[in-house]
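Each of the next two complexes has subunit A plus one other chain: subunit B in the first, subunit C in the second.
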Partner chain A sequence: MRRAAKIYFPFINAGMQEVATYRVNWIFYILGNVMSCFVSYFIWKAVYSSGGGENLEGFTLPDMIVYIFLMFLTSTIIGSDASYVVGEEVRDGSIVMRLIKPVSYNGTFLFQELGNKLLTEIMLLVPLVVGVEAVRAALMGGIQFNPLSFLIYLVSCVLAYLINFFFNICFGFLAFVVKYLWGANLMKACVVGFLSGTIIPLAFLPKPLEAVFLLLPFASLNYTPVMIYIGRYSGLTLLYYLGLQLFWALAFWGLSKFLWRVSVKHLTVQGG
Partner chain B sequence: MIDVKNLRKEFKKTIKEPGLKGSFKSLFKPQTKRVVAVDDISFEVPKGEILGFIGPNGAGKSTVIKMLTGILTPTSGKCEINGKNPTENRKSYVREIGVVFGQRTQLWWDLPLRETYSVLKEIYEVPDDRFKSRMSFLNEVLELDDFITSPVRTLSLGQRMRADIAASLLHSPKVLFLDEPTIGLDVVVKENIRNAIEHINKQEKTTVILTTHDLADIEALSNRIVMIDKGRNVFDGTVSELKTKYGQIRELHFETEERNAAQALCYEKLFGGNIGGLTLEQEGKAVKARFDSSVVPVSEMLAYTLSRINVTDISVRDADIEEIIRRLYQQGVSE
Partner chain C sequence: MKQIKRAFKIHRIFVVQELKRMMEYKGDFIVGIIGFLLAQISNLLFLWIIFTKVPSLMGWSLNEVVFIYGFSLVPKGIDHLFFDNLWAVGHYIVRKGDFDRYLTRPINTLFHVMAEKLQIDAFGELLTGVALIIVTLPQLSVEWSVLKVILALISVPFATLIYTGIKTCTASVAFWSKRSGSIIYMFYMTNEFAKYPATIYNTVVRNIITYVIPFALTSYFPALYILKGENPLFNIGMTVLAGSALMALGAVIWHFGTRAYESAGS
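For the complex of A and B:
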């Protein structure tokens, strides 16, 4: 364990330095996310004011606004670029440089991204949470912050990140077959956005569909943490959804190991 | 040490018909074709040898190196290094080897160079004192001091290559694979790198496998050459063996007043049907005739030439290794 920490710590460090080196890129990335968050805010405002009623499937406009901002916060915490990075490395062949080192392929990606995340989280988590809570307090009247829910939310986010990371790694291995993932990545972003409740709350869907979607791994990504944060899951329900998250994290971890073993045999290195 | 037997690698390749129509076709119904990149290659390398691995572009050199380093899985055949199969247990195998791909880098692009070495120190579990002495040794041989604190992305190609070679040697590997380590470098840096490789090979008995297009690398470094072409082994032996086997090529240089020496000389008569390798170039007065001295001996060639036309300043030269290899590449050797 200590040895593993020693080996992978430099990767965390390198991930942090990457953020620091490409600061402007990072700022644009965050700004882009903030903007798309406001776009959904205005869309939902229009939907509610066009007279769909005060209450859509148990969501009032203030609920919806909080939901949108929490989705944004959660996406920032659990986002993973792994499929993009794996896809690029396969495309330009630089994956060979990872293969000639005595380290786990998935491990190097995970820790490099963790370093990246760590720096993002340190700088953004507090201001974002304060921002979300301020909006919440203004809309609902009075401070709604629940430290316990918040802690469980963080745990749930860690699980969600692991699911997201290993899912993305699995997806990235597709590049071994199709060679270039740009198109597939766009499609994935769209499908995952819908299935994970980022675009509309899963509660808005027809009940049978909602039940199915809640079982899928994508609900475990954004929807579960957000539901925990706003206190819609509690007691046994809460434990059930955390358990489901854990299950999916382990499943994708296993799948990524398996796919790695299969696909590395089919590796053809592009570009000499 | 290194034992390669009947190694073979096939790839599936998608073929696209030309034009937009072809693109559409291949989008819906891609046609694939089997391409044999490496076909039945065998060789052995004893410990401490520097093996030059040469062949024209696309001959399959890099594919062989990638199989030997455990990156690609062979379709069939065997390769064994230190008794280990590279693809079977990658993590433990790559501890014993160092690899440099001249066209890529293993250095951390955004970090100061020094950080790469400390990362590698942890990855390969090099003890502190060993790391220190190793770094000062590599510093001395490859002169890293000037740029060790600069971020890797700011290094020049020559610096980067030296840094990459140092990175591959940090853990004192038993085998060093160098895939075009001098590509794109100037003469001075090439010389430095050759010296460093030689030094390390002598001092530590590191086995080195080197692919290159620069034959000066081969002449300076390797005792032995394996040449492949179109995925097949075409020559395996020492540099001097290569010269005697294919080196019967001589060049006859002379000056003449004759406007069209080729016509006047008509060497075809002398060589009969066997004119393989015969070329004649004329530039003003100067004429250069290249011929195979195993077909027509030098003395006969001289006598014949002198009898046909008036010449001044005549000389016969050996073809250098570069010339031999150029000829081999062009003809596509078959055994």
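For the complex of A and C:
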């Protein structure tokens, strides 16, 4: 354990320094990303005021507003650049620098990104949670914050991040086949965005489709944590969805190990 | 005239080079097109699901909303197709000192940067946009006149200039700050608001996307004129004005930026 800590601490540190260096850039990117939240906010406001009724598929307007911003918060928390980083390193050959070190390949990425996240999360989590709760309190009259739900939400986010990280590692290995990773990543983001309920709550889909999507790993990414936060899952249902998250995390961890073994044999680095 | 001919000739040479580069990774370019296509499809699914719950969105029918959405993709796609390289200026061309290359050639630097790359991905947006317009137009009772056709056609290149102008202004910041990719991104993302009828937003947002970062002029206002035939002076005139002004501003900032440019020390 101590040995592992000693090995991986430099990676955490490097990740933190990366963020600290490009702070301002990061804030602009967040501001750019939050735009689509505000667009959704206005669209839903228009929907509810256009005679859609008070309650659509179990969501009132305040529910929906909280949902939109929590989705944004959650996807930022669990976001992973692993597919892009892996892909770039495969393409430009710098992956060899990780191969020659006596450390776990996935581990180095994981800890570098965790260092990255540690800083960004602290900068983002507090203001956004306070903001969401303020909106919630204003809309529903009275503070709705539930510390227990919030704690389980954080646990669920950690599981979701692990699923996302290992899924992205697997996806990054696509670089062995596809050279245009930016395009492949965009495709992935669109499909995941839809299947994970970021674009529209899964409850709005036809029931059979919803049932299938809930089983897929993508619902375990954003949808499950957000549903927990707003108190939709409790008791056995809650345990079931946390278990499902754990299952997918382990499944993608295993798959990434397997793909790594297969693809490293095909790795060719020119002029290294 | 001679200059324009020369510009077109140079542009053609660059495009041919670019196509050769793409042939290196055959099939890969399809990936980007499908990516942008999927992005549009998921938004359209969202709209479609919403309209199964409500008959209209603040008085806008599904067809009208989809028409505005489709119209917004055309100038966006054209800008994306021809002027995508401005992103690279903000991301790395200045920072890595690669801009030296542009300075050493007898071509206007801004034109050179723009002409150098052709972003095929944009067809994901362009094709969707055109398809949505073709599908929705016959179902909307639009009264056509010669004037309307002409004005609609004029609005598209100027709407494109709004995109390109904003990108040029923000990309130029890199000449002073070394990198400005995140600034371009922040301003560019405001176009998300342009995809839907501007009446759904509150006054503050509406004023911002009309007068400050005027992406509403690339979609909602020209589309409004096409759909309802109202107020061409504002709906089309403002687009022409904003497109010209932003592009001119971009060119000026770019000009001063190239003077402030310092190469990377290597």
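The rule we apply is simple: the second predicted complex is superposed on the first by the 268 of 272 C-alpha atoms of A that agree within 3 Å, B and C clash if a C-alpha of one lies under 4 Å from a C-alpha of the other, contacts with A are read in each partner's own complex, and residues count from 1 in each chain.
In the analysis below, contacts are C-beta pairs under 8 Å (C-beta built on N, C-alpha and C of every residue); 3 or more make two chains touch, one makes a residue touch a chain.
The structure displayed is predicted, hence computed values, not measured ones.
In the superposed pair of complexes, A:A138 makes contact with neither subunit B nor subunit C. In the superposed model, A:K6 lies in contact with subunit B only, and not with subunit C.
Contacts of A:I122 after superposition: neither subunit B nor subunit C is touched.
Put simply, more of the residues of subunit A are touched by C, taking subunit B and subunit C as the two choices.
Shared-chain residue A:L215: touches no atom of subunit B or subunit C. With both structures placed on the common chain, the touch criterion links A:T21 to subunit B but leaves subunit C unconnected.
In the superposition on chain A, no contact is made by A:L151 with either subunit B or subunit C. When both complexes are overlaid on chain A, the residue A:S94 reaches subunit B alone and has no touch with subunit C.
Taken in their complex, subunit A has these residues touching subunit B: 3, 6-7, 9-11, 13-14, 17-18, 21-22, 93-94, 96-97, 99-104, 264-265, 267-269, 271-272.
Only residues 24-29, 31-33, 35-36, 38-39, 42-43, 45-47, 49-52, 56, 178-180, 182-187, 190-191, 193-194, 199-200, 204-205 of subunit A touch subunit C when the two sit together in their complex. Note for the complex: subunit C touches subunit A at residues 25, 28-29, 31-36, 38-39, 41-43, 45-46, 49-50, 53-59, 121, 179, 181-183, 185-186, 188-190, 192-193, 195-196, 200-202, 205. Considering their complex, residues 11, 62, 66, 69-73, 90-92, 94-95, 97, 99, 101, 103-106, 108, 110-111, 115, 118-119, 122-125, 151 of subunit B touch subunit A.
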